[in-house]
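Have a look at these structures, which come just after this line.
Presented sequentially are two complexes of chain A, the first with chain B as partner and the second with chain C.
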Partner chain A sequence: MKKALILASLLLVSSLAVFGQGYDAQPADALVFPFGVAGTPYENAELGVRGGTIHEASIEDPRGWNNHTAHETSTTQYTNLMHRGLLNLDHISGAVVIDFAKSYDISDDGLVLTFHLRENIYWSDGVLITADDVLFTYNDVILNEDVDCNSRDGQILPDGTFPVCEKVDDYTVTFTLSTIYRPILNSLAFNLMPKHKLAQFVHKLNPDVPVGTFNETWTLDTPLDELVGNGPYIVTGYQVNVSVTMERNPYYYGYDNAGTQLPYFDKFVSNIVTNQDVSMLKFRNGEIDVYGMRAEDIPILLPESTGKGFSVMITDLATYGTTWILVNQDIGLAEGTDTEKREIYRTVEFREALAHLLDKDTMVQNVLNGLGTYQWTGVSLPSPFYAGRDYYGGPITEADAVTFEYDPALAASKLDALGVVDADGDGWRDLPSGAPLEITINANDNTTRIAYCLIIQDDFRAAGLNANFQVIDFNTLVGDLFAATGDIILLGLTGGDEPNSGKNVYTSCGSLHAYRYSACDDPDEVDLRIDELMDLGANTFDLDAAFGYYKEYQQLLAYQLGYIYLCQPTFLYAHYDFVGNANLSSPTSTPGGNNGLLLELCFDKTL
Partner chain B sequence: MKRNGLRALGLTTCAVVLVSLIGFAAVDLNDIVANELIPEISKAAGLALVADYTLKTVEELETLEATGRTDGIRLAANRALFSLNAREMELYAMENDALVALAVAGDQDAANMWFFKNRASYKRPELVEEYLLTVEADTLAIAAGKVLGGFYVPGSPLGAKTEDELVELAKNGESLGLRVAAATALTAFWNTGQPLTIDQTRKEILSVVLVYPELALAYQGYLAYLFSL
Partner chain C sequence: MLTYILRRTLYMIPLLLVVSLISFSLIKLMPGDYLTTARLNPQITAETLQQQIERFGLDRSFIVQYAYWLKNVLTGDFGTSFDTRMPVFRTLFFGGRLMWTIILASTTLVLTWLIAIPIGIYSATHQYKPSDHVVTFFGFLGLSIPNFFFALVLLWMLVVIFRVGDHGLGVGGLLDARFFDAPMSLAKFGNYLWHMWPLWLVIGTGGMAGLIRLMRGSLLDTLSLPYVQTARSKGLKERVVVYKHAVRNAINPLVTVLGLSLPTLVGGSIITAIVLNIPTVGRAYFAALQQQDEPVILGGLLFFSLFLLIGNLVADFLLAWVDPRIRYN
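So, the complex of A and B:
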């Protein structure tokens, strides 16, 4: 990104995308959303008109335009608008629904899924989308080990095999499973990529290019007119540190039930800002139209809302996602350093001590103004599989929650028992050998995370731990996460209803098993049981049975303290009233940000 | 916190002849802002004209800010310049000490920005109320009051007050900051419910402006909203 900054003045990349002419009429196989139809999730959705531009903000620059090699939301928030898959999450309810597939069948034995594709639908450059694109994406990108693909882990079946994707005809594909795998429907919501544009970069298909070439495809240096998608928007402009512009895809197949092609807004502009406060100032000034609020924004925005023409949504809805700290249990492993520190970090009693120093009550009250919930598991609270429920989809009673109460005295006794004591009388606890123990806590420039870190730093220091908090750039932090550098990182992950979607995080060989990547080669008993439970939960269509497996898995995760969970804010949002259907925002989807499914349904009421 | 000295003078002499454009049949904001002598009403019109004023040149606005005939013209020009000069982001980039120095010297925008940047330390109404007990600069008290008003506004999850409580606080709150907080919340409350017409609001301003300046401020904010509709 430094290189990009140096070239910033020259990198004004704004080019006309290579768009086709669009459809002459609504395709027969269009995806039609039932606006206003009672009994559907869309019953409160208003029909809109096309036109206008919606503005929002993003804290970070994207790192590229390649959906399948992206590991960060700063990229996927755009690539998820450029591409759609066979299946998707419903834009309002979040349930798994058909998208580019117009229907699918499951064989009686549950092992063969047959998808029927929409016919005569085109990529944004006017090239027909066929089964070949599905096979290319699945077989040659996602399952291709030469590709650094984030979603491969989610495709693995319990027996270690992958579904076999085959073409039946130009508009029919099958996925054959070796075993029943309930989450396959979530996993098959992968975004389709255009074979005619990208096959040339895959060594497997084009031996003239080196292995791994695809990982360097559709980077920020790629001319934007090379980008092709099937989603509602395509990137047409990018200014480093300034903005990303996306324009409607004339060949998008989504329509409203009045015959209007979606998306409604012609253009979507994401202003890249340095932090959330700047985003909020821009929202107040009308420079951006929607804004994901924090609790500290309420007293600023609430009194201004009517006068300035925006609405403030304050709800008690638990949000998806997790916020956590992780203790890097592989610290110094690659370098051959920090051996004793690594041993201590790998000791669960040490992590228990840290967990007892997390004052979540203060975090919720002071940081979230009481508008938050405690977390103890990696499955989002709204999920029907959340282990705080008594049964699948049941009420949240937290009857079997595994929690570590804020108890500094208990934390101190655990540290003492480990020999992490102040050996030299300088006021700070040392490693058992007497060597100094210094702990850095890193988070990005996010006011909520910074506030959490300051509370944590204070409590750690009060317990005698020499902890020091540092703010670092988000993309650098993500880099540290993958490189297993640093002591403690505070970050968050997106979440959904399906626990199996966390496979890349919580299984011992997962690409985001960031607290201990070495577990892949050296798993302990808990790691192995977690891996087993993830498979068992996926290997049944019996939701109650699956709930049982996932409950045990979440409890083990909590005991293991790999990711140590904090709090999650309840859903807050603000939007200008002229943005039609923005009032349908919920934890499931909003017009912007990481879960921008609602965007294509929003429109300018002033037109 | 002492009251506005000019207001006290007006009250004691009782010699002010209140002249207003009350009863004006149609709302011509440019006419109001050019001729209205009651500051609160003039400013309300000015606030409603800020967007229009941003279409003027910086030179024009600087002249109007300095020498505009009425409070409303000068306020509209000031707010338009604030927007055009990107003053907000300039202030945001400043360190806290610099903002406080400006605030103490009378820069209300700097005071507002200082409180905005530090609001994470004042996430509950009682913390702002405590701050108001010791703050000395009026600008900082006003800035804090505006944020506190955000807690007091009906619908707030923390600290919401009723309209009656807010009116009483705007009239008789112990400090400038508390009275500004009440005014902020009242304006927001009235914007939502629109209980009064333009003419009724003007009358209310005239009835309270010499006695309860912050209550008049609340009506001013509401009137600005009505003017903008």
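So, the complex of A and C:
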């Protein structure tokens, strides 16, 4: 009997260790969302009730549960729900907003950022969250070189230093910068990690563990009751290749304005479905409630939607990211070959001619089933800094966009003017010297990219350019990109709201300045101005001023035609109608999306 | 016999070494590496990439990397996955993958054999009759439909034609979501079976067709042998001629196939497992290939090679067991 009592007590303690009891009443420092309040991003959000389970499908398994060593969205999809940071992206507008910080101040000189933390808020195991957790996450994890953490790069200031994070008191921390750098706000949205659980695995804090132990902490085989977070959900179940189950964190500090603690759904179940056709079947079968559909799913889902009680969201909002072709302006530079081809590739009029041969309308109609938008700059269309707007966050007008309309006649005249004409009568245009001009277009084995390339190849050939398209292995293609050994390459990049995150791509010494790496040693005026504008945009907290700088940089980039942009698919989503607030889905957030932002606002309308 | 087993087992060691060297070379010949995708991330600096290259030892020469790997393997350390940060075999087998692989493969194997052998015998003994043509037609159909396509069509039929969702039934995966965290019960067991039958059907039809053809061909060969004619001329019943004399000899080639199917027990049906969402070792290995997670690829190749060699050995023993004419010295 005694043993049984001890065992029962131990079980009780251990279960308490997983999840605490939660708050007795709404904490004074709760984060309250203004549902239905006009003038806020939440004015169309409905108040919900707690309970129920929401199901979605993910394409890959997570690789671990450690937020700061994760390199892929298949992991951060869950860790972003388990952890929240001082700042976050707004659920609906996508702007940087407060989260675990209840407020923050920027000193007059712009160099000291002071964050005031929410008081009396707990980790999911019931331990108080304090400034020590912020310092641990920043100084001992993110800035710790023993930790394989990608987000460290985002913390680097323009002069190569890192912000200095210091504790003022238990609920106040400061970040001191060596120079004004607004994008640091995005980087300071890093997720917080519990010091009391993880400090023991960091070598600099616990020399008894080997260097790098933290990298192997909170892996997939870690008992799930070890996981602790401050976000809306905590992982409570994982069946390899099948599903991840998350349950509500009783200590989450988000509340709606009716005093109901968020998230509304008790459970979030993510089915791991590698094949997207199967995902769609599962959606049609009612097994998953929300679905990031593809354009080709529309003819099937739309007719079924009314009878089955789901909605198909077809929007004109572009998704994040860019797809482009790159004309390698350093072709043959390393080997000292292709001098004449390099010379013509470096001529902006030649690249303009190629840009006028890109039939974006056909690409959108034939490849994206009519559900795509044209892309003119390197900044993603949903970004408030996108140059097609008149002001920061304004509507997209494209009034000032530097565009190159599909115009084969104009392209031909530009090529003629450059002397790129058919000199030997074989039907193909030659270099000005009369030497043959053969163009190779490469892309990896991706259905959309191949379709784009075939359209481009046809138009180039119709204009007399001897272009040949070859599919090559993705890794070989990336190798060509970095070694500057390719000719014309079609690829894509991920994108975000802050243009400075693309600094690596667009500044003359960036490691992805793949259209002309030699610009680092030999920058022209445009390169230098872009470098300058990138810094100017970052060195101000005035968003309107930053927008002005970034707009100029995007226009220069468009004139420069280093990367020549193509199209971007529009945002599509499907959800069952019983999921309240799922209709607020956007490229920024969806209930089942990578950042999971909207998930905590969704609820079951049938309850 | 014991000496033979010992000798064959010892032969495996140099063979596995050669396999490891060839595998290592092939991995290194593949373009790119685990960090290729990271190189395309605008937010990762060249310095960070260099740190990661050094952390994973990708900056060392081929020989040094192989020697380092081999030294660790000889001490029982197969390394840590670049991707999951777990030990290699933990990555491959974690979460019941090995168990589900063996359950899936062994049940499919048993079902396939139980159905294919009698059909093969029937087909051989009814050569060129309409029933033989029907069986042969379905055999070829099963053989020629790609498994992934068959799996998709099957799921589509369940969802769209039979509307199983209206009855609260899911498709693909091991279980319906409502059973994920439920304790084992009859209903849960039944749900496991509901999710297993499409797998048996898809994987089984592919393997079954081959077996039917093999059994049919082997039995037809045997039935034309003089000793069968002798048996018939002695007035033995056809059933005895076929089952007691012919089938016992005709089954020899199939026994070899049985032994060789051992490696597929752990590594086969990757694409079907992906489409039907089943956790298997093959899927973990496939994911490692996609990510160029070198330690897991190497560990997986060695593991599959070992099973192939053991499968060969088992095939030889089974052959000796069923055929008294074969003896190993």
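The rule is simple: the second predicted complex is superposed on the first by the 363 of 607 C-alpha atoms of A that agree within 3 Å, B and C clash if a C-alpha of one lies under 4 Å from a C-alpha of the other, contacts with A are read in each partner's own complex, and residues count from 1 in each chain.
Following the convention adopted for this analysis, a contact is a pair of C-beta atoms (placed from the backbone, for glycine too) under 8 Å apart; a residue touches a chain by one contact, two chains touch by 3 or more.
What you see is a predicted model; the values in this text were computed from it and never measured.
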item	value
First (chain B), second (chain C), both or neither touched by A:307	first
First (chain B), second (chain C), both or neither touched by A:502	second
Touching partner for A:447 - first (chain B), second (chain C), both, neither	first
Touching partner for A:278 - first (chain B), second (chain C), both, neither	both
Partner with the higher number of touched chain A residues, chain C or chain B	C
Which of chain B and chain C A:147 touches, first, second, both or neither	neither
Touching partner for A:299 - first (chain B), second (chain C), both, neither	first
First, second, both or neither for A:30, with chain B first and chain C second	neither
Residues of chain A contacting chain B in one complex and chain C in the other	277-278, 281, 285
Footprint of chain A on chain B - complex, ascending	83, 88-89, 92, 116-117, 119-120, 123-124, 146-151, 153, 155-158, 184-185, 187-188, 191-192, 221, 224-225, 228
Touching residues (chain side chain A, partner chain C) in the complex	53, 55, 60-61, 63-64, 66, 69, 71, 145, 148, 150, 152-154, 156, 212, 215-216, 219-221, 236-243, 245, 269, 271-275, 277-278, 281-282, 284-287, 473-476, 478-479, 481-482, 491, 493-494, 501-505, 510-512
In the complex, chain A residues that touch chain B	277-278, 281, 285, 295-296, 298-307, 314, 365-367, 369-371, 447, 451
Footprint of chain A on chain C - complex, ascending	30-33, 36-46, 48-49, 51-52, 55, 80, 83-86, 90, 94-97, 152, 155-156, 158-160, 164-165, 170-177, 180-181, 273-280, 283, 287, 292
